[in-house]
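Look at the two complexes coming up: chain A is in both, with chain B in one and chain C in the other.
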Partner chain A sequence: MSVDASEPIAEIDRILGDDPACDVAKNIAKNIVALPPSQAKYISYSQLAKFGHVEPADGRLLQCVATLTSGRVHLLNVFYVYENVNGEEYKISPEQLQEAHRHGFLVDPDSGEAVKDFRKHLYPYFERSN
Partner chain B sequence: MFFFFYNAGTPYSDPNARLLKLIEAFQERAPFYVAKRVFQRHQVPIGHGWENTIEAATGYKGVADVDGLVTAYLDHICSGEKSVRFYDLGNANVDNLRLQYQNFKNAPFLPLPLSGQQLQKAQLCDPTLVYVHQTPTGIAAIYSSVRKKDERQRLSVQSLPKAAQQAIGDFEEIIGIHSRKVQAYDVVWVPNNGRIIEVRADFLGNETQETVTNAHQKIYADVHVKSGSKALIAPVDLFPAIKPIYDNSNEGIVIELAFATSTGSTKHEKMRDKDACLRKEVYHVNGKAALAADIEPYRIGVRWVLTDQHGEFSSPELFLDGRATMAASTSPGLFSAIIRKCSDSLEYSEIKQKLESYL
Partner chain C sequence: MTDSAGQQRPSLDELRIVSLSTGMELQYRLMNLRAGGMKDAEEFYAIVDDAIDSCVSTMARYPKELQKQTEDQLSIFMIAKLEGIGLNASHDSTVGGHCDIVIKEGVDLLWLGEAKLVTGKQNAHIEEGYLQLLSRYATCLPSQDRGGLVIFCNCERIDHVLEAWIEHITGKRANLEKLKHDQDKIEFFSKEPHSKNGRQFFVRHKPISIFWAPEERVKA
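Up next, the complex of A and B:
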């Protein structure tokens, strides 16, 4: 079942107003709220670009992501997937990420080895927050 | 002789040295998250990754349950990260095999694996029986071998000498293959009751299929001789378990499935979210619904969430990796199952019993 778009869209209007990113954010929001819950769990950055009818490299997209994940709109949660050298993927919890930043390396969940350049191997994904 | 014994006078008579050696031994064979669960049970300090865990344990003044950790290590050798084959030997042959193992002259202490330079200098060798572990429910006959495995490693170009960096050109990262030796422990499990034995070959990741198959064959050859069997016995075919496991929606979480369709395609699907079951995934459900004929699964990966006696969660996995053509055969011949991420033999037995219930 999809969720109601009116509240997040009103909040986007209040935050972005006349900003060129406003329509992009609203397009994304409309598409996100239309998704059934089981299809709103693993949304890539490029999928958001398609929802917003912009290219992934478009600067407005970053602004939209910041707005849609903000506490005020809170339509999207971001999470990170780590891909190891064998192509295996691991969803990284916020605690794991915090630890990685604190120590300066991420621990590969399978091998337990330190991954110092972990930022290069983390991929952001989004899920609808409710 | 390539084993260490921790009797008096050896470096491992010191509990802290023994603790460090055991951590190193776990590092060689257990996924980090499995090792962490074992360490928690035995009050071993855990750091951020293996390196920090070893650092935390060095000179550790707390009270780690080192003897408990030795037992847990033995348990992991017997039941952790395994490629399993089942053989129905028949009553007489199983009795002979049991007797042969009971008569094996055991070393007085649990052998610990080689590591570092000693391991890298050791000759590659086939599995040899080194230790017989009698448990209340059966015998675990432990075979040891030195095998080779290839690990992919990321190398930073910046870490290379200037000349190499220039020769490589415009690359930021290189993937290297680190070929190294590992000491593997394969186990023959002979239950106190029943005539079906198991060969549990180590499957620690990154070994080639040939290496693991070779270990299975070498160990079966020894079992064949010890059991006095007149005929060669084929392992139990596990392929018939795949479809009923998939069809039982209450049985674990399907994380991987490969199947053939009557439209002439094969599909290999995996869940990226390990907590979600592929059986219920929208694309999978609707793709299936669009077909007039049933799909034919030939490969499955299932994960279970188990709770142990202390209320701790674990998530062992079973993989049955068949090929598409097996679904078209009257004798498919899928002989090995992979059972991974078990932290002890209780978890392993639970997964094994689930598998057996479909055969």
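Up next, the complex of A and C:
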């Protein structure tokens, strides 16, 4: 799949303008569109930081995520991955996440145990939207 | 923890702390909302309310510049700030007409805002906005049952404008129920059954000052 960067970049420019996150978002967008399809389905937060030339703890990255996942730009979809104590990873569905927020715990897909500190074991990941 | 490339990856908990320390809490909450499939209407409306508060803070810093703006220009300024936060905000012509501020998330979640510019206690003008919001634009379907009446005030004492407006609208709308009048944040909340389906439509009535008239010392 070939993705054209000009449209999302024009939208990023329009929305973020002179915001300090604007150049970071545009760098991320350029890298995202250049990814081959096989690598565009499981992009970590750290990868986004690398694409944007910032540290993962840089607040501008959260601004970029909000912009790049918005309906206007819609370059990325976000999902969460749960890693249990054994290092096994599971993609969490929106329904599982809603339940976790509602009840205050996440059900470990492997053991069935309630994980109360689930936010410590969830990691944001992204896929390029079509 | 590391990702597949061996890089450190932050957990959701760590990103929450980053968001608090960098003023990006709304963006963090938007990420959560979107990862959850954009179904949590309560959180969506809470994010919108906080985003509007953020706009109010920004606008309060630029009364001299904003005072010269028209109603449409002020709405567009507000939309730009909301978009800058990461919300899907627009001036939309597809929601039953030309609603001033439309915020959508996913397929279902919708918040509508109608803006009016006043230079005093112009209740009839504000009422036009309220009626447009309620009867022209609102669908009042589930997850689409809240909106805002933004009153840009190019005059003194927005608290007085709001008080006069509350007295006016509660006197005219028999089915309108007063929910909360926050005299510190200077805002008012109401609900009223919608004529389309009888469901309650909730409105946040929010005056925003764009008044700028610095006083000068009177020489003795």
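Note that the second predicted complex is superposed on the first by the 130 of 130 C-alpha atoms of A that agree within 3 Å, B and C clash if a C-alpha of one lies under 4 Å from a C-alpha of the other, contacts with A are read in each partner's own complex, and residues count from 1 in each chain.
By our rule, a contact is a pair of C-beta atoms (placed from the backbone, for glycine too) under 8 Å apart; a residue touches a chain by one contact, two chains touch by 3 or more.
From a predicted model like this one, the values you see are computed outputs, not experimental measurements.
With chain A as the common reference, the superposed partners chain B and chain C fit together side by side. Contacts of A:Asp13 after superposition: neither chain B nor chain C is touched. By the document's definition of touching, of the two partners only chain C reaches A:Tyr45; chain B does not. Applying the stated contact rule after C-alpha superposition, one finds that A:Tyr80 touches chain C and leaves chain B untouched. With chain A used for the fit, chain A forms the apex of an angle whose arms reach the C-alpha centres of chain B and chain C; rounded to a multiple of 10, it measures 130°.
Among chain B and chain C, the chain that touches a larger number of residues in chain A is C. When the two structures are aligned on the shared chain, A:Ser111 is found in touch with chain B, with no touch to chain C. By the touch criterion defined above, A:Lys91 lies against chain B but remains apart from chain C after alignment on the C-alpha atoms of chain A. Taking every C-alpha atom of chain B against every C-alpha atom of chain C, the smallest gap after superposition is 9 Å. Shared contact residues of chain A, touching chain B in one structure and chain C in the other: 42, 117, 120. Residues of chain A that touch chain C in their complex: 15-17, 19, 42, 44-47, 50, 56-60, 62-63, 65-67, 69-72, 77-80, 83, 94-95, 97-98, 101, 117, 119-124. The residues of chain A lying in touch with chain B in their complex are 36, 38-39, 41-42, 81, 85-86, 89, 91, 99, 103, 105, 107-114, 117, 120.
On the chain C side of its complex with chain A, the touching residues are 1, 3-5, 7-16, 18-19, 21-24, 26-28, 30-32, 34-37, 39-40, 80, 83-88, 104-105. Residues 27, 31-33, 35, 48-53, 152-154, 156, 173, 175, 205-206, 272-274, 276, 280-282 of chain B are the ones touching chain A in the complex.
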